[in-house]
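Below is one structure, written out as structure tokens, with a few remarks after it.
In this document, chain identifiers A, B, C and D correspond to the written order of the chains, with residue numbering beginning at 1 in each.
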């Protein structure tokens, strides 16, 4: 039964586990740890079989659960940014001298605003490198390519052009995602070294952003901001101990995506967390305060 | 079973009907008509018993179903505004010389933005009355009181102050609502002569805006822009022919409100429809084009 | 020669001084001091004659010159807010238990956005007073009445309604001003206990907000954000040592107001300074960090 | 005396004429006509000598004076868009099958918002070409590259990438300009076939967008939205019949740029005019109504 839509490897893993029972699945592992007090779950997809079974490309998928952090907004933002930064660095490996950050999504749709807004919180430094005061920084460029409907250009086309111009060591692509469970919407961040593939995310980008298409490693940072209505109903049902008479009964509602009514405030908070976290991961010499001073 | 939350009299009527069976309910009537091609359903609550059974104050509730209008955006907006204007006039009765329009809601939350944004499409004319060119217009004032959390003032307190200052013949209050069914979100407009009572709407205003509290007739114009997650699940279930093992199984999720992910664009369209419709209802001498010329 | 337009008592004083020469003017005094490192000039208008000569109501006018503060944005904002807070407290006298803040101006015009935007940085607390945690706070309400052209309501009418509802000990009215000199635009804050009178400010409010009209003390906080084009030309001339062939030669250009091209960023910074400063002046028990925590 | 800053060839021509007297200047011509009721002045720079004398690259510069159009906003917008469209077509020559529109400027600074905002009013059609209904349209892409300070990428780098991807027949670059005279701010549109060169415009782009750098014709559409303070003073002086004691007296103020205080509303109106005009020039099969229907 595949009516449940999710972009989170963690949720796909749980669905697969539920369908297959307890046995080990070859090439698939799940481990848990804490970073700065934040619960982080890592799903590794290491074989072609596991990739097919899960419906996700091979790679590492780290999921941060922000519900495990304190409620106080300022402390929460800082701790989440530090955790994200450390998790992202573990995927990046040795520091990059030059990076291109891409904020994907549609500015005209609040739940899809996460990528462009997070990008606003990441200081571009490439043009400052000639100044002595900034010579120790990584050279970061920040692109927000907009959406095909208003530009006529695929995001992937614009990213390829920018990669050509700046020749970065790596690309970090930020995007809004769909999750299976309402409780994970705006409370979860997924990091991956598998890039971004067509059909995922809120906005259904057609062109892939991966090491294969761009020639450099592509780290993906995603935040679920929507859930589809039918998936939501199925999950509330499960919790309540009920079940559907037939698996495809909700098929017609599958593509209606919903989002919490306070999505504006949540996207703002998450944009700061993601922006600061990515910025810190790329600028290893800077504290959070120094990073923020570069933006204002 | 009252776990299904709705601000629409039409939906409350259907739920009551489903619970009570086919027999006539005293003091409650439902009639249907078409205005400018738009289906309009009128629920009349005429007895105290009917009011209690329905959970709505006595009065007339007109529901416009915008799904019965053409898809072309320009034609749709115009037809919907004309239908809304005619329906609202039927509740107002003889033309008002002086009116106060109130756009309720929180500008910082997209689904609650309907009231303030609609108010932007209604020309204020009270200060123009001394100019000869505008002497035949109704004197309209437009108030957007904001929300208690950022002002420290109840909307009702500000409306009372404005009523004191302008002494209007009537008040029109515009607000976002919660509906039971996702399909009615952003496709329906409810007009009523019963005012606005505490606890309804997206934003839970504490003070009532009614003829009793303000001393003049209060017309309410509401658009459902959210649905609560549990109600949504129950309705998808019903459609699929399933049912819950026990009535209260979803109680915990009751207050999580969701909204379509493209709520930004929908609220924009509906704000124009509601603004133009209310403007036309108040300015009977003006065409839609003349009304719009007063705003730009 | 009165072609030079200014809302700043400090500038009016200098123009009067230039016209009259060095002699003492009865009932008019000017003193200087430093608050938190910020230069503050106080002009006192204490006689009817001085009031007429200056064209300003009797009262105290304190001008903060933000150019005397450090360049670092965070330090500058904090120091300016502290200086503003202390200067405002000196005008208020004993702490107010209940206050109404009014953010005047037009949201659709950037240089006039100062009042509404500053209001967003002042926490409304009146509705929190029943909670024990907030019982020591002053009860603050925050009103942003909009402009006559879009509401049909005078700001003064709305303020009277709010004064009626909350019965404050005092009113603080925030507004954008016009200055004579471009260099004072967005670098100066004027505080006064003389209220706000018709015809001043960027937006030309018709109704006065004074102790006479509202029945409680009215403190005015103003920031010059525009300068009129002819006044600007005259001042650049003076500096260059040139002079006009005839005094009224620029009369036709008198009412074209101009503003710096980076007015957006400057209004944002000043809104924070004014909002925090007013908030601190009203909430004497709170530090700047505690105040900000109430807003986010 | 070259302290007067202007991006308008028309103003540079008048300054040169004033300095040189009445004699003919080789390779420089000025002609006037009317398009849809709008006065259009064409300056042609046809020799290297004329180019040096004027400080502008060789090419044609058409200036539309919108003050010659009716005051009624709707009629004015339509007439201006039609005039702009016809003037631009005269520079383009035979219809382009594929075009790239570039909206230059900083979204965070109102007077520099003209380019990005105008771009929002131009329908992207490149991705629609495979649909039969749109097969007769020109394939238009729309890029808004942002500014170096927030992206780390030169606009020219991004444009080159997009030119690589879409291989357009021509590029249309829209930008905000500085004019010498306040009365031309937001009342004038300059079209040119000479592209955009470093140092012009409000935002001082470093990389040129010209046929030489991009390999395809580059049409520039510019609207003056700022004037520098010293130039403004000099011009008001001239009008008043006064003159400065020494030419460089105002040098220190040279780089303070000012803009009208109602710049928000003016940029909105001009963005629609420029967007519709460029859209019509590129889509010769469409009426203005059909063009607008593609955007909403």
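By definition in this document, contacts are C-beta pairs under 8 Å (C-beta built on N, C-alpha and C of every residue); 3 or more make two chains touch, one makes a residue touch a chain.
Computed from a prediction, not measured in an experiment: that's the story for all the values here.
Chain centres here are means of the Cα atoms, and by that rule the chain farthest away from chain A is C.
Work out the mean CA point of chain B and of chain C, and you get 39 Å between them. We define each chain's centre as the mean of its Cα atoms; on that basis chain A and chain B are separated by 38 Å.
As a whole-number value, the distance joining the C-alpha centres of chain B and chain D reads 45 Å.
Looking at chain C, one finds that none of its residues touch two or more other chains.
Chain contacts in this assembly form a complete graph, since each chain touches every other chain. By the touch criterion stated above, chain D contacts chain B in their complex at residues 73-74, 293, 296. By the touch criterion stated above, chain A contacts chain D in their complex at residues 120, 124-127, 139-144, 146, 148-153, 157-158, 160-162, 164-166. Only residues 108-112, 182, 202, 225-227, 229-230, 232-233, 236-237, 239-246, 249-250, 253, 256-265 of chain D touch chain C when the two sit together in their complex.
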